[in-house]
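Two complexes are shown next, each including chain A; its partner changes from chain B in the first to chain C in the second.
Up next, the complex of A and B:
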């Protein structure tokens, strides 16, 4: 699965970073960086949690 | 006992998160989710923000499709609960047996008048579309009753749609949520955007459906084309009336979300234990964390972790975007303030008498984990760690 970011929607809350710090982070300018875009196995649960917690649905998981 | 069938009542973000958390924790039995609204879960915070403010942002509230594989019963509300026979009764007469139950039935907008009163409220996507259509057509005059974050967001949205807007509240708007300092910042920005404030005790509805009005405590009556009330929410507990689960009308959960044998609760309907006793915390992040806690509480009982939650919420309006981590409202002036890239961009911190910190980012992009560190540890948390 691949984590996709709809950048214009992202408001920079960073709740996703809190849910999946190994997979993504906000940089010094508050822009989200997906560090591990391709996820499988153990990372899937964290990726799902990150996608789910975004209040503006800026993230999705695509196969 | 191994659970084979779990029913989740409520398909908002709490119900959705509970379903996800049950699956993540290994529950592979039959899962049924019941939603009173006919939609898939959506983002309620977005309704009064992007959706109301935008020109054409009718997708701002949409969330990715669920992946929990639950059987979904949508557009049907729960009508009763029998905790002896382990049955949830739905308002279409269906009875759902369970051996594990998650109560996440949410809350409803409190109204000033009865169900037929002409006031608009904002709780559901239908409410939001109706409100947006009303304020975006013909620049009506608008009165918003209630000075919380929702009322201020709606006032901001209506102003942006070209309406003349008056906000009626009993105390200084946002002071209960943000304290005196930040509420003052928002009120100044709102005034510059053209919002008119009336602070005058408890207001009540007056007028007619065609000509709605608001009567103030001193007898003054204000009329407008549209009256929107934002005076809080009521937990959806009517269906639990005969369940034996309510205490003084409230659904009290323990620190693992448990409200009875085989039954847990999460989200706006539930009161969890907190610093000042049991209380509801109707916030997006709270609903998600409570749902995770409740799902594990249901599956693992005493072995499940207790809820550990630091409030995080955000509001937008009048050109301001605010994020807050930590207990609120904040008292007095901040003890730490740092200007960001522009004059109205600020990072702030308060410390209360018990040493607990609250951090706020105003027009300042900062990840929540960093904002939490600022709240908990103070300004030293902002400096990069020194490598030795």
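Up next, the complex of A and C:
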């Protein structure tokens, strides 16, 4: 599965980073960086949590 | 598909507005979608139903987010009442100055203001929590942020309250508040950069309009939404936090022992008593939700508090538990229209809860006063008859 970001929609609330710190982070400018876009196995649960928690629905998981 | 579930409840009845949770529980157990003939309204009651609808703007349009045609007409052209793709650009202009990255520099100032304000109140031994804290804090933060001064600053509270009331149905509350909301509307349509303090975000929005970064005429709309959406709601949340910690001293003790719970505690305050109890959408086509047909053109009412207390989603939902960390609560909405000011709301809420946790050992409450209100549910008076310093 691949984590996809709708960049214009992302407002940098950072809840995804709290849910999946190993997979994504906000950089020094507050822009979201997906560090691990392709996820499977153990990472999938964290990726799902990050997608779910985004308050503006800017993240999704695509196969 | 089944026959639609109905209830003879009036969601804007005074008694329901003051304590809606028993009614929410009945509606939620009836169905995920319930038609209320008295309000000509389909209400959404369960967590999943609400969240899915909020994330489907094609089916559930925001063009009738209010519950009377006059207010919906007046809101046309704002991001609040528009749908993608128009919404996308308006939203970007609205949220540009409100995102966490834009607000980062404010955290220190907001935390310090909260510490000082709470410190002063604790030193006094007793206080009235709504005027002295819940209203005083966001009014000052938002006034400084947007650059309101003088007479406008004095009108912020009544304008902000009225802007919410008039989203209701055409009842007495709405009609009494239209002239006041009209003052705000009128002021926002004539306000210029010079009316706002130099260096403020409000001034910056006008500069963006002059540069052509945002469409002509939108600066006033944006100021309107900052004031209309950012005052009454935050006031409700802060007042609720004091009331809930007063009622649940063991939760205040948990917070004092573990300052890392601040963010979870604010999310739980918002989940437990959402500042906004009903918000509108309209169906753009016939659609089936949870086995019920919602016809094209129907008015919907989203009951955030009903969804936040749905036992299908939250275990033991009627217990106030600050260790729960319900980050997915519905009180900021969700999806493309999710609260644009939630970053600022978190800064303010976290600052106050953190200050309470550090400085307060015990809150003894007198009797709270509530006044029925169409859209916002908040406490009108909350005497803290005794506060014990930590």
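The rule is short, and it goes like this: the second predicted complex is superposed on the first by the 63 of 63 C-alpha atoms of A that agree within 3 Å, B and C clash if a C-alpha of one lies under 4 Å from a C-alpha of the other, contacts with A are read in each partner's own complex, and residues count from 1 in each chain.
Going forward, a contact is a pair of C-beta atoms (placed from the backbone, for glycine too) under 8 Å apart; a residue touches a chain by one contact, two chains touch by 3 or more.
Just so you know, these numbers come straight off a predicted model, no measurement behind them.
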First, second, both or neither for A:45, with chain B first and chain C second: first
Dominant toucher of chain A (residue count), chain B or chain C: B
Partner chain(s) touched by A:15 [first = chain B, second = chain C, both, neither]: both
Residues of chain A at both interfaces, chain B in one complex, chain C in the other: 9, 11-15, 18, 26, 29-31, 52-53, 55-57
Contact set on chain A toward chain C in their complex: 8-9, 11-15, 18-19, 26, 29-31, 52-53, 55-57
Residues on chain A engaged by chain B in the complex (per definition of touch): 9, 11-15, 17-18, 21, 25-26, 29-31, 45, 48-49, 51-53, 55-57, 59-61
Of chain C, residues touching chain A in the complex: 55, 88, 92, 95, 98-101, 104, 327-328, 332, 334-336, 338-340, 342-343
Parts of chain B lying in touch with chain A, wherever the complex brings them together: 16-17, 20, 24, 43, 45-46, 50, 60-64, 67, 284-285, 288, 312, 314, 321, 323, 364-371
